[in-house]
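Two complexes, one shared chain (subunit A), two partners (subunit B, subunit C).
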Partner chain A sequence: MSELLEEDSPTRTDDGPLVEVNGLKTYYDTGGLFGSNPVKAVDGVDFAIDRGETLGLVGESGSGKTTLGRTLVQLESATEGEVLFDGTDVTTLSGSDLKNWRREAQIVFQDPESSLNHRMTIGEIIREPLDVHGWPNFSVAVNDPDDRSVSVSGDGTRAEPNDAADITVELAGAAPTIAVRDALAMTADSVDVSVSEQSSSVSVSVSVAVSKDQLRRARVRELLETVGLREEHYYRYPHQFSGGQRQRVGIARSLALEPEFVVLDEPVSALDVSVQAKILNLLDDLQSEFGLTYLFIAHDLSVVRHICDRVAVMYLGHIMEIGETEELFQNPENPYTYSLLSAIPEPDPTADRERVTLRGTPPSPRDPPSGCPFSTRCPVKIRPKEFRDVDEHTWESVETLREILREREDREMGVRDHAKALLGLETGFEDFVDVAEEVFTRNGSLDAKGVETAERTDAARIDGALDDVDPVAREPLKEAIELVLADKETQAHELLIETFESDCGEQSPEHHTVSDSGRTSYCHRHRTEFDDTAVAFDDLLSSAE
Partner chain B sequence: MSKTVTQTKSLGERILAQPGPALVWVLGLLLLCALEMGAIAEMTVAIVGGLASSFAAVATAVLGGPVMPSIAGTIAGGLESATTIAAGLPDLVSRSVIPNQGYQTPDGVWHGTFLGLEPKYAWLLRVALVYGYIFVFLWWLWRGYRAYVDHYRTADWTPRDDMVRRLRSHSWGKFGLVVVICFVGMAMFAPTISPSTGEQNMYNMNAYDIQYYNSDAGSVEEISVLQANFQSASQGSGSQNVGLWQYDDFDRFHPFGTLTSPGQDLFTFMAYGARISLLVGSVAIGIALALAAGLGMITAYYKGLADLTVVFVSDTIQSLPSLLVLMLASMVFSHHWLGKIYNGGLLLAVMFGIVYFPNMWRSIRGPALQVAEEEWVDAAKSYGQRSSTTMRKHMLPYILGYLLIYGSMSIGGVIIGTAGLTFLGFGINPPIPEWGRAISMGQAYVTTPAWHISLLPGLLIVVVVTGFNALGDGIRDAMDPESEGEDTSAGVGATGGGA
Partner chain C sequence: MATPVSQTTTESPLLSVRDLQTSFFTDKETIRAVDRISFDIHRGETVGIVGESGSGKSVTARSIMGLVDSPGRIVGGSVQFSDADTVERLAEEYPDQTIDLADIRAEHDPATLIEQLQSRGADLTRLNGPELADRDPVELVREKAITMSDLVAGGYTDQLGITDEDEYIVREADGGGFVDITGASEAAYRKIRGRGIAMIFQDPLTSLNPVYTVGNQIKEAIRLHQGLQGDEAHQEAIRLLESVSIPDAHRRVDEYPHEFSGGMRQRAVIAMALACKPQLLICDEPTTALDVTIQAQILELLMEIQEDRDLAIMFITHDMGVIAEIADQVNVMYSGELVEKAPVESVFGAPKHPYTQGLLESIPGRHPDEDRLRTIEGDVPTPNEEPTYCRFAPRCPKAFDACDVVHPVNVDVTDDEDDTHTAACLLYPEELSENDAVNHHRERGDGGDEQ
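Entry: the complex of A and B
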């Protein structure tokens, strides 16, 4: 089998990438009938995966990475855009075309507990795809030196030009020679071929003495061995296996139809750390044995680093950065990638990348921020010119207040609940003045500032709180707080946007190419007029000290 | 990648390789079947006959006109010959082998009964043999399953094994199973275990004569069953009562006493009534379960609009007062052909099925949605499995247990409901015996010596319904060991109630 693929590979690599995704969007409308905001799980992504390559796809939960993987194997239907597989747009396939294509692209699921039907034996589970596709279909390739038109009858069907045929009939020579593909557990002796030759055409009749049932069973046994299980596991049930073994069964099932492309949806995250490495090694071996192309979805960056050729980092339905693994890990260009990487312990103690903690949680994909998706949390968000030099505390407070108002608009819930949640407070606010006090004073309350309790009128408290804020920002903030107190939250929010927004929240960035190897990053900072990400982070971290 | 073809034997080949246990079992089964050939044929004829006459009725209604007499005639003729053939088949345990009807001459000798035994002992012997046969037969089936597991199954363990083991150690469930077996046995073997037969006792009393010893005349005389029944009716007064475990004036033994005028044997009435209860119950539950399972899987698989439609339909049905709807339907259809099949039994079964399905669908919906979320359903989709096959193979096995639980727990409700409607005069019309009618007939006599007429059928209904509920409990605990001991009735507890 491996020789066959090696023969094929060079010609195929020239055909361009195996998978090419253009402008793909997958929205779900889980809100029922009344046209509510759809969840924008995948919101316009472009990338390509080369043959034999492993592309990692990393992101927090809710980033849309699983939806993207599921869309690639057509478990979800794309809302917009195309997925080209070998040049064919598979999002438009249906019926038998779709079913035939499904042989080429398979998925390994995250949770082996849930991905195997416990009422079926391992053998039945691995065999089901074979049954569904009537495997093997005994495709027959006829190599005729005279190049006549060929028709195939009997048990066989004519092989598609590019596919590896199950049975190859060589017409050169006196008697036809027959070869059977290795994946089928039968020898050429079981195949009976009768050839009738005319001057311009050849008709080949094939009869196979071995039943498909036997071939499928043999195939399942062989798959069990391939993934490191034993033949006698055929009649066991999933409950009799450990998590790692079950994941091997899931992998065997996904390989049954000899796919070219496999989506691995967090294949090891549900497993014990001790078996994770074994499964990863198995996946690696299988890739080289069968020439597979992988999309490896993970939330664990360290796993990705070891197994992937390239990595795509996803946030809120967008690919923030995509490029060669090592390069991206060594030198992240996108602020989001930078923040993610700073959160994992650095294996190299000499590298002194500081830890960046991200504020808050990702916004709801139902209502993503305008402009850059990361703009509500980005630590190095570009500021409007007049605020470029305000201190970190002021900027933080402004962002926090905006986030509070934004969330308040998203969900019709009490502003206090959100503020509390955002600030991680247990008890506290009686009203918005408390929120303002909490947000704008440096240590969270006026107590340390000697404002007498008795003197604490609302106006006094607001002034007191804004005392800690850079004077440039004080006026608009005061106005915004007063608008909120007058129950005009929307206007307050608009005022803040108008005053403090930059390109980050107004325009979608472009995918800038940031390295010679073709890495791209989705961020305004790559425009010449702004500081680079690394510089911006250095500034940020030094000012924090 | 070896090129050797590993041969796996099919079940047939595995049996051929080791034929012993299978052979023994099949021989045993054949023997057991041969013993009761006649009864089995009778049951088949009863069921097929019912269907055929329904078909005839439907055909009459739909086609009408002169075609009908010929079709009806053919069916009737066919039935008759089938019944004759069935009657001709040998039975080890049957009324003709162990007769219990006869008369006693003054010298104390019984004539016409089995070995001259007293009718009650002859009858008891027959009942004991029938139930013995039933339990031996079931035990043999169980042995067959064990033989398969021990000798021929390729898997050494399956998830079902655990369920069977848990059900076997569940005494309440086993009690339920025994009650259900007794009830089903009573229905199936009604002609054999009754002291009299349906034909004689209910449908055609005038056509049969019995012999008895007339002490006034001092000779053996004949009397029509109708006459005899009239004279042995239970009317509640001391002289006009044939109670529990008594003989009437014509030396007929009545284990449960007699009914009011025209004094049929209550036990016979109950045994044949079990048939109709079981029939209505199982057809109704079958319809409800089929609807609930089918719609449950479709709504869980496709969600969205499909789900909404079914929610709407089931809400509409549930918002109707079901008892009133059932009564209304019986009234409206009482002269329609649909209301005539099984004297209203089929109509009632269909109506109960429709009324019961929304509740059952709601109960199944949770588990169905849960299993539809499992990744193996996605996996099936990812390699192109057809959605109908996915539902059957990857979803149905997980809701089957719930179907069994709800089915066995609701069948009691249908039995009670049927009896209730018949009690009110809406359900199943005479002469088909229905337990509810016995209760209503005896209602006026509850405080008299003829209390048995109402009380026994009432008691039996309670026992049967409890049995079905107990079986449902057993299945539930067998399926889901976590539910044992704690009260999960909120989740899985459609206990049988009225209609």
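Entry: the complex of A and C
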């Protein structure tokens, strides 16, 4: 590590977390339409990963989990916040400092198919990082009982204080004793050291009789064996391998430079279950053998439950809940975690679960909802007092109507509709009576009720549809629909927000500590005045019966 | 989950696959991607097909749909589709390839035909399944356990020169009958696809054309299969989009596939399939590319649609969780063969085949207190030769000597009276001694008609 790094990390300790993330944001400003917002892929996250720990990161596509993983290993640059690795903020590194640090933090990708260069042999693929980083650099640690200043010349370079040196020279005694690190396939016999000592300084000249090329080849062979491949695989090509074997190659490559931290980005998602089991066992073995720290990104929650010590659940760039795995799976505190777990199909046909199916898809990270990111889909969103007891159908319909208005407003911004609006053409609200009917009618449309088309005026149709909702909600809904029909959809939307919105859509929640082990959850329900998540879901499920 | 199985099994199946064999021919080898598999699908029932990559599950689906591309082709077996509407439409179009059962009955007596077959030493195992194979066929005819329809379906009337192999449409006066779709020409397949059997794929973009609006594509299907035009078709398209829970269908109908999210596209494809009013829907990993919350929505939707329309569903997946959720019956495939077949509860509760057992064991979470996952050694072999042994033997923890020299056939392994549960493993039938069991498989060895 460089001077700069040393200054930044004077207090390296082995018991603090290896990785500490504070207020991290990663935004993309990619193209899009004129004046569009950046994609807020990671929107302010804080967490830490302990040494030797496996932290799982789960969430749906668009949750930002992959971007977060890539930001941790500096494949994406952070927009704001810091990523402390051993106490050093790696978001500020550049040039050779960054390159040196990269040896410590590697990533394994989901798709072994596309992440391996098809024109290279397996051996070359695994070896590439060794070549790029000039491995081994023959770093030399000199242990001098007199503590003089040391200089190293010849094939060797002076080892940084925190590094495991390739060659260790012990100066006590008549002749220096030499030791070579295990990862290098050579013995001390291949190293020749000449020492010239002054009263206040020592210079050590090192010459190594084994070529780096030989050592790299030996290292690759060793890695092949480590990940359960065979030596003869060295000269094969990726296409001759099965998916599981290719993933082993990806893992071997990521381990080549002996990292401390590995981001595993959906490493088994593309594999069949029997192959997946083998790779998961391998990852487990490697972790204990090399003391690795993992960030395990996955959408398969049963895999995460098996392999992770702790789990972070992401939604729209935020960590909704983070804590110890078993505890979180058995007793999710955050409504999003609860919903996500509920969606996993269990490999047990006799399991009789009450499932909560989420409505819709996650909103765009370009334009996330205000307040809680989950507020547009949360099945137990907090309601304003006066609507707390309305039936599910009414509440769902209100949410659906709001979603439709929100989406249509977004589309208004699209080029097509923008042009249409400028030309004074229809923008798609003239069918709103149909929409209202579809949204509010409980048992199908008026067709199903057998009302003749000719007898239906707009007003009659709206009243008919609203017949099926709770009387408390009828007035504001009717007013909103009429506003839309009068081309005042913005006012309509505002009216709905004013009437039906609660803290969930207005205020960002806090990360409440929800268990003795320090689990946190990002949700207003943990405030004392509200029912907590489990109670809210129980109510919801019993009302659905 | 759909209809209880006991209710459906008494009816005759909508789709009946018998000894289906599809191979791929390359310079190097012949890959027996689907190697003589048999199973049924009833109306209102969901039959799951599980297996790992290379097990042949997708080729099975493509064989049924007539979508096997060169160098692959169906080389044996039959796929009987008993949908009256399809039989009627095809019979009208292809009278020369249609057999009228009434005509044959008028001229022949099934018992006589069976005696003729016996005197020629024909193999009669395909008559109504192995259970009846050992009994006296003449008696079976009298008991109506074997009918003329069975003789035609089994290809025996072809053997006797009464019918011709080209005649794949079998019409019954009462609206019964079937089409053996493996005999259909591409033109005939086009009449079956969509309206008879529809298929949805893992990637919805396979089925959607990027340059047309979603609505126009659905309207095209409506026009072709329901004969509706103009505003009527438009309204029907909106109704279909609503029925697959696409919010704001009025608006969405005019949008292009790229404006839809992944889950929404899959819904649109399902709507398009429904526009054809199919009897059987084949789903090939339809939720594999989707997030779990969206997967849950799609599975729920499929179950609703099934209930509304009494639709038969064949659902292919490698995800045991999904299978547990959606299937009534499960077929487990390994290396081109069907190795276990049972109601979903039995497959998960009492798996019999060592492969099924291994597959279930390797799912994380089966043994929560074990640190290591259980695995199956080795990889799935490529089925590139006639199996004269058990294809799972190199990986099977229970393999014994006979496994290398005797090919296991599917035998009854039912625990529970009401089920039908079969497995292709020499360890069964359990009540026989190991030796007797092996002999049982040796004697029963399928493919007597192959030599």
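Please note the rule applied: the second predicted complex is superposed on the first by the 492 of 545 C-alpha atoms of A that agree within 3 Å, B and C clash if a C-alpha of one lies under 4 Å from a C-alpha of the other, contacts with A are read in each partner's own complex, and residues count from 1 in each chain.
Quick note on the criterion: contacts are C-beta pairs under 8 Å (C-beta built on N, C-alpha and C of every residue); 3 or more make two chains touch, one makes a residue touch a chain.
Nothing here was measured: the structure is a model prediction, and the numbers come from that model.
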item: Clash-or-fit label for the pair subunit B, subunit C on subunit A; value: fit
item: First, second, both or neither for A:H133, with subunit B first and subunit C second; value: first
item: Subunit B versus subunit C as contact partner of A:L301, first or second or both or neither; value: second
item: First (subunit B), second (subunit C), both or neither touched by A:E403; value: second
item: First, second, both or neither for A:G243, with subunit B first and subunit C second; value: second
item: Contacts of A:E501 with subunit B and subunit C, given as first, second, both or neither; value: neither
item: Subunit B versus subunit C as contact partner of A:D86, first or second or both or neither; value: neither
item: Which of subunit B and subunit C A:K278 touches, first, second, both or neither; value: second
item: Contacts of A:E438 with subunit B and subunit C, given as first, second, both or neither; value: second
item: First (subunit B), second (subunit C), both or neither touched by A:L98; value: first
item: Lowest C-alpha to C-alpha distance for subunit C against subunit B (Å); value: 13
item: Overlap of subunit C and subunit B interfaces on subunit A (superposed complexes); value: none
item: Complex contact set, residues of subunit A against subunit B; value: 1, 33, 70, 73-75, 98-99, 102-103, 106-107, 109-111, 114-121, 128-129, 132-133, 182-183, 185-187, 210, 214-215, 217-218, 221-222, 231, 234-237, 239-240, 250, 253, 256-257
item: Subunit A contact footprint on subunit C (complex, rising order); value: 1, 52-53, 242, 247-251, 261-264, 291-297, 299-300, 318-325, 327, 344-345, 348-349, 358-360, 362-366, 371-376, 379
item: Complex contacts: residues of subunit B adjacent to subunit A; value: 1-8, 154-159, 308, 374-376, 378-386, 393-394, 397-398
item: Residue ranges of subunit A touching subunit C (in the complex, touch as defined); value: 60-61, 242-244, 272-278, 280-281, 284, 299, 301-303, 305-307, 339-340, 342-351, 355, 357-358, 360-361, 400, 403-404, 407-408, 411, 428, 431, 434-435, 438
